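Chains here go by letter, A, B, C and D, matching the order in which they are written, and residues are numbered from 1 within each.
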Amino acid sequence: MTNTQLTLVQIDNYGPWTVTPEPRREMDLQTLQSRLFADLAQFVGHRGGYAFFTRFDNMVAVTNGLDLDDHRLLQESTGNRYPVTVSLGIGVDPNPAVALERATEGLQGAGSAQDGDRREVLSGTPVTEPSGDDVSIAHFDVNDATEKYTDQLNEFDSFIQIEQGYAALMRYLREEHGGLSFFVGGDNIIAVTPDMAVADYRAAIDHVEETVGVDLKVGVGQGEHAHAAGMAAKHALEECRHHGTAVELGGAAGEVESE
Amino acid sequence: MTNTQLTLVQIDNYGPWTVTPEPRREMDLQTLQSRLFADLAQFVGHRGGYAFFTRFDNMVAVTNGLDLDDHRLLQESTGNRYPVTVSLGIGVDPNPAVALERATEGLQGAGSAQDGDRREVLSGTPVTEPSGDDVSIAHFDVNDATEKYTDQLNEFDSFIQIEQGYAALMRYLREEHGGLSFFVGGDNIIAVTPDMAVADYRAAIDHVEETVGVDLKVGVGQGEHAHAAGMAAKHALEECRHHGTAVELGGAAGEVESE
Amino acid sequence: MTNTQLTLVQIDNYGPWTVTPEPRREMDLQTLQSRLFADLAQFVGHRGGYAFFTRFDNMVAVTNGLDLDDHRLLQESTGNRYPVTVSLGIGVDPNPAVALERATEGLQGAGSAQDGDRREVLSGTPVTEPSGDDVSIAHFDVNDATEKYTDQLNEFDSFIQIEQGYAALMRYLREEHGGLSFFVGGDNIIAVTPDMAVADYRAAIDHVEETVGVDLKVGVGQGEHAHAAGMAAKHALEECRHHGTAVELGGAAGEVESE
Amino acid sequence: MTNTQLTLVQIDNYGPWTVTPEPRREMDLQTLQSRLFADLAQFVGHRGGYAFFTRFDNMVAVTNGLDLDDHRLLQESTGNRYPVTVSLGIGVDPNPAVALERATEGLQGAGSAQDGDRREVLSGTPVTEPSGDDVSIAHFDVNDATEKYTDQLNEFDSFIQIEQGYAALMRYLREEHGGLSFFVGGDNIIAVTPDMAVADYRAAIDHVEETVGVDLKVGVGQGEHAHAAGMAAKHALEECRHHGTAVELGGAAGEVESE
């Protein structure tokens, strides 16, 4: 059964900083944000986790395998190298949405995101007894995205299609299952999911097709941490490509169930 | 009158590269993408342009002020420092959507985004006679986003709200005006727009409020290039904050018209 | 007793790459090199190690605490994000120079640094039984460098003074003790040393003063890995500043011996 | 005749910052320094300049082609993205050492490098009438460095050889000609030189060979800015490789004089 550990990474008092003493150059802000995310992705990724840029000033990471010392180190190292600091809230639950709820509450309880005195909060307790199927990752992509969109439409209209698919999927998985979906570039969406059956994924894909006409497929994997689960998911997605299937479930032991 | 120069930055044959010889670590891909975008933001931003990450494998930049030599340098420098190369398509038109259509066609005409032999294409012709109102930038944010969302909801549910607002706005501006909207983090959306009146912006904001219940305000600026226009837009947005208005039009000469 | 684990990080076939098909832009090479080093510093540093840029195409890291899987991950992640790959040779010995000798031999035995077919070699065996004083770090700086040099001389002449001090120290510690000294910026030199007495450090400082007239002080620390040893060394160096002493030995247990 | 424009880039009050409130993690400092240098190399390099890391807290750049607005932009953008700020001093003279003297004096006159109140100084006046031979770049490397050192000695002993060569060359060119030499990685040294004859370069190479036994060759180029001069130098160095010569003078017009 899944036991997802999520960390909310929140830049402290970022909004006010971006306009103090007057609005800063937008491209410097974009650079700062994307490099901070890149560093987070490296830090978390090299410990088996996954990080998502979400809104950039608030980022979400799957941190199964990272303990409190790892979080402290991330916080210290970020503060040493950036003009901003970060607060970290950790939450754990079989259901990803509940885990993030807890992670968020830890920071909200310590003060507002725009409270100038609330800096470098660290709240929450990591998983203490890890098991081999704590994390479930579903890796979606859009069928024939290059042929149907990238090589046919102007880039913004391609992007609108992908965005509509993402918006429909993110709502559906959140509301129906408590799964959290993140756009990761190209035509790829990665979701952190609770235990779900093949039929559940099929229903999600059908929902997106019916509501916005975007045609998805998905590979799913489980593991002790996000990287292991995600790699199983990527391999399962390759199986979809080879077999023309819409859903492939890999898993901790590598067994594959398809539809 | 606006005369927008847009550049489509497309990573050559990226999809296949990410799974060759087998799927690469997702966090390395995320790092590569976000750092490539950061470098693009610095390069374009230091020449007065704006860059948006869009889908990361396809990025869109407002490049008024950058000539062909600048584009060649960007292409050469990227190829020297990354394991991937980029193709660049330039398009110019008073209407941003049409400009991007042209930029995209230049690359599509040279081959597929996943054609292994199509590398480092450079197509299109930059603006030859710049004027002081070539670029119009509209900078939107969400009213009271921190109080209503960030400090109240879990981060994913906050993100869903912002995303719904973005999805509604991006479609509306694209379909009604040919404006291109990009989420830039936090609760901020930056749109590259054609000439639009205060009433047009008001209608866009009303549309988003009515369809998804997200409450926006916007500052608009014009200039010879994106940075000048964007800075005027940021200052106009500060005016919205101070005056409680929903739309403020700055402009090249700094005059402000509000509603 | 020290038991230093050193890793030689060598960019594969780098020289030929920099001039193929013709010489690449020097500032792109400088950027590539310094960012690769920065990533190495983050990777190694977050695991308790120290990395030094040395010649950039060959870098030296103190990697006590990093196992073979860590090295494989570094190698894979670098290859995923850079246009070049790295080979890694690990060596262990109480004497740092001998450890590096072994680390180097592992790579040399696998082929030339400019052999196009020799890529991503991983050789050597990490420490298997760590102890609390495996690593000794000596952190030197120049007395009154800002007052005597930076605020008085032109920057190059300041730099020459620092360089002369560094060149004298690096040779002395290498020849007399097998210690390896690295310039780390400003007026700072960090040496990886074997067990040495206060008198040995005093003699090194005297040698530098006598031969090139540069006046050093040093804090020394020991620990299970470089970061712990280096932090003890930094604190010992602060003691030198407060007490006006030339040598302060901190140590694993924090006891301080001064002269 | 050369007319070198040099900029001293000095991190404001850096030393005290690195130990406030207590010593910061060394690898974070190394990362910060090398990334700041990488950004400087990109900024300056994309405008035709060259940047050298020198001591990292003080960096030297050849900035012919960059005006005051470029310098202001560099300063603003750095301050927006780093936890430190930089002061910039510009100096111009036919002789590089004199140019740097002036660049340095501008900052020294504004206060100490460790004066907490002296931030973001910008001093000096860029070249107003550029000509095609304002910058002279000499690119040295070590003959057979891979065969004689990298593939034979342990990495530190290779490095000692290169360092000795560098230390001898830097002093000689500084004292005899006012040329400024910078180690740029591998076995490469780049010098910013005044007008010098082939015999002068030959004498420098002979001096290094006689004093420390390191065998150099050099390609020299001139241009309106450092990149053009440096590329001519790199091509001239390739000529040395092909012809077995020790000195090759390329030049603005591409004519080559060899010895």
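The rule we apply is simple: contacts are C-beta pairs under 8 Å (C-beta built on N, C-alpha and C of every residue); 3 or more make two chains touch, one makes a residue touch a chain.
Composition by chain, UniProt nomenclature: A, B, C, D = GTP cyclohydrolase III.
No experiment lies behind these values; they were computed from the predicted model shown.
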How would the chain A/chain B interface be labelled, same or different, where same requires over half of its residue numbers to be shared? same
Would you identify the chain whose Cα-based centre sits farthest away from the centre of chain D? A
Chain A and chain D: spacing of chain centres that average the CA atoms, whole Å: 43
Compute the distance, rounded to whole Å, between the mean C-alpha positions of chain C and chain D. 23
Averaging over Cα atoms per chain, report the distance between chain B and chain D in Å. 37
Using the touch rule from the top of the page, what residues of chain B touch 2 or more other chains? 25, 28-29, 31, 35, 42, 45-46, 77
Building nodes from the protein chains and edges from chain pairs that touch, which of line, ring, star, complete or other describes the result? complete
What part of chain D is in contact with chain B in the complex they form? 39, 42-43, 45-46, 73, 77
Would you mind writing out the residues of chain C in touch with chain D in their complex? 8, 10, 14-15, 19, 22-23, 25-31, 33-35, 37-38, 41-42, 44-46, 49-51, 53-58, 60, 97, 100-101, 103-105, 108, 112-114, 146-147, 150-160, 162-164, 167, 170-171, 174, 180, 184-187, 190, 227, 230-231, 234-235, 238
What residues on chain B touch chain C, complex-wise? 24-25, 28-29, 31-32, 35, 76-77, 80-83
